[in-house]
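Each chain gets a letter, A, B and C, in the order it is written, and its residues are counted from 1.
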Amino acid sequence: MLKNVSLTVEGRGMTAIIGPSGTGKSTLIRCINRLVDPTSGEILFLGQDIAKLNGRELRRIRRRIGMVFQEYNLVERLSVIENVLTGRLGYVAVWRAWLRRFDPKDVDRAFQLLDAVGLGALANQRADQLSGGQRQRVGIARALMQDPDLILADEPTSSLDPKTSVEIMELISKRAGERDIPVIVNIHNVALAKRYADRIVGMSKGEVVFDGPPRELEDSHLLEIYGGEGWLE
Amino acid sequence: MSASYPATRRVAFPPNWPARIAVALLAIYVIYAAQTLDFTWARFITGIDHGGRFLSRMFPPNVAPDKLQLLYAGMTESLQIAVLSTVFGVALAIPLGLAAARNLSPAPLAWFCRGLIALLRTFHPIIVAILFVKAIGFGALAGVLALIVASMSFLSKLLAEAVEEMSMNQVEAVRATGASFLSVIVMGVVPQVMPRFVGFCAYQLDSNLRNSALVGLVGGGGIGATLFTAFQRFDYDFVLTIVLAIIAIVMVGELLSGFMRRLFQ
Amino acid sequence: MSVAAQAAPLRQWQRFSLAERIMRSVFYLIALIAIVWSLRSIEIIPEFLYDAPQQTADLFTRMWPIDWAWYPKVVHPALMETLHTATLGTILAVAMATPVALMVASNVTQSLIVQSIGRFILVATRSIHAMVWALFFVAVFGPGALAGTLAIAVHSIGFTGKFLSEAIEEAKPGPIEALKAAGAPPLAVLIKGVWPQVKPAFLALAMFRWDINVRESAVLGLVGGGGLGMALDTALSNLYWDQAGLVLCVIFAVVIGAEIATSWVRSRII
């Protein structure tokens, strides 16, 4: 599916990957935190090749990478605050998770993050009682809870209405920016990509066909990426 | 001027021939089976007559002190058997059930565990009890072990099915945070399957309370032996006492299960 | 000049409210007491435990080779008897459970008394294991398949009736109301309004119960209920372990067969 993709992402800022469905955007993102395994090649993260790591070392890397999912992927039966605290699981012992006895500083930080995403009042609600936009905010808080060096977002707005999509992209952009965390986002809404990304990577048929700042993204590039005719305004 | 009538009258509820045939076959089978099993009307009538006299001998239930003593001893042992077999059955069913789930466990292990569960489930607790009695002798321990096997097989099968039906998306997200396997189970799997599992455990407790009265029939301890002896000695009024006690315990067990369910679901 | 800032107190979170925590602690305490009490009272005779592996090995060597010759004369008729007991028992159970289920279903019965009687019948039949019912029926009707079938039938009423009543209660009120509004008599409402909705659950339940009843029927003979259990009992009393081994194999086979049959039917019809 992915052919000879070579990308370097550095420093703060949002990189948006755009392209038609099935072209491998999601696969690319999921390779980074090894939810999908690459068949060959290297993934250098913080100077270390993580393509072949397993077990505890892989988990140590994963906890440095936060992820926001298209379907939010919250644990529905748990409360909002518990879902945010899930972000600390890579750092705490199992018994703390089982008894829900997290370090008070972690709990406080979780509350602060909930405030930062605008959900301070909903900490004790069960996750399945929230709207889509609210759930995604919790997802963002969970990713931030990991204090990550990188945030991956796999189509974070595809299940949301247009207004909420903008709010979510705004939130990701701001919060990650405040903390100097680079974001790699996989998105099919080109307008949102142009609005929030510092760099756009266009993929088509498993290969990178465009790589540059949003202002350089022309209609010709879009046609090359998405193919077809007559769909551009 | 003549109005035209439809050629055929439409029937409101047309006869459902497959269903009618099925019912007819069923009726024929019932008659055939009854004959093979030697159910004659005469036997039935004598039986009813006999049963009537039987019931009159059962009332009123026997509550003589020595009988109550026996009842108490037997029931406490049955209770203990039920408690231990449920507790250990649950404890053992959890790892077995998780290992048998095809979405959590590597394929060979999952298939092996499923096979093991199927094997354990095939034998009736009574048969397992007979085998344990032969292996470790008469007494409550054989009964406990037999019911642990029964509980384990039932609970682990249901747990494996519940785990296979859960959403892997939620689990994937927890995994992506770098959590260890156990942490993923605790925060990703348990919240999803816990309510159903608690229901299964409550049912198993109820089932073990009933079965604990049984294993004594073959030497596994508890009230079963007392009951069997009472039947053989024609102490039918004592039989009634024991039966009423069993019903009472089961009803109390149901209350307890309800309480447990409200707490943990 | 620096002023030490007062740190705001850390916000806290509890998973359970105080009331919930108290109740959970009470539950755990009761459970712990029950477990410790049971463990202490159970008699464990170490000699028997040490002996166990040897006893088990002994058992298996005695069972092998299996006495297949015994099959045609004794075991096969017993197998048929068991199957008939299970099937007939299930049919009878369903027939007897239906009125009780109707008594208990809250959307069919209004009277609380009738409901309570129905519930009691269900609990009583369920609490008494089929084998205990078999003891009773053997005492009344004499040993044999008649006692066994009735035992299976009566015991299954509890389970079947409960599930049936739940299925009835889950039936959508719409069609029932429509029929009542059209003036249909109660029986017609049941047959045409409730039954079509309950039918799939009914069939699934009947199959499930048949599968369980095959297992139960196989062992009822141990107390005189006929079928394979009686063959097993005879073999065990005479200490003919190879024959006992044969019966166990047949029981194993018939239970597996029943499960395969029910899975097949379920995938085809439901």
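As a working rule, a residue touches a chain if its C-beta (ideal position, glycine included) is under 8 Å from a C-beta of that chain, and two chains touch if they have at least 3 such contacts.
Source: prediction; values computed, not measured.
**Student:** With respect to inter-chain C-beta contacts, which pair, B-C or A-C, contains the greater number?
**Tutor:** Answer to which pair has more contacts is B-C.
**Student:** Where the centre means the average of the CA atoms, what chain is farthest from chain C?
**Tutor:** The most remote chain is A.
**Student:** Which integer distance in Å separates the CA centroid of chain A from that of chain C?
**Tutor:** 49
**Student:** How many angstrom lie between the CA centroids of chain B and chain C, rounded to a whole number?
**Tutor:** Whole-Å distance between the two chain centres: 4.
**Student:** Can you list the residues of chain B that touch 2 or more other chains?
**Tutor:** There are none in chain B.
**Student:** In chain A, which residues are in touch with two or more of the other chains?
**Tutor:** 82
**Student:** Within the complex, which stretch of chain A touches chain C?
**Tutor:** Of all residues in chain A, those touching chain C are 81-82, 100, 104-105, 107-108, 110-111, 123-124.
**Student:** Please output the residues of chain B touching chain A within their complex, sorted ascending.
**Tutor:** Result: residues 167, 169-170, 172-180, 182-184, 186-188, 191-192, 194-195 of chain B touch chain A.
**Student:** For the complex, give me every residue of chain B touching chain C.
**Tutor:** 13, 26, 29-30, 33-34, 36-39, 43-44, 47, 50-51, 54, 76-77, 79-81, 83-84, 87, 122-124, 126-127, 130-131, 134-137, 139-141, 144, 210-211, 213-214, 217-218, 227-228, 231, 236, 239, 243, 246-247, 250-251, 254, 259-260, 263
**Student:** Spell out the part of chain C that touches chain A in their complex, as residue ranges.
**Tutor:** So the residues of chain C touching chain A come out as 10-13, 15.
**Student:** Report the residues of chain A in contact with chain B in the complex, numbered from low to high.
**Tutor:** Contact set of chain A toward chain B: 33, 35, 56, 59-67, 69, 71, 73-78, 82, 86-92, 94, 97-98, 139, 142, 146.
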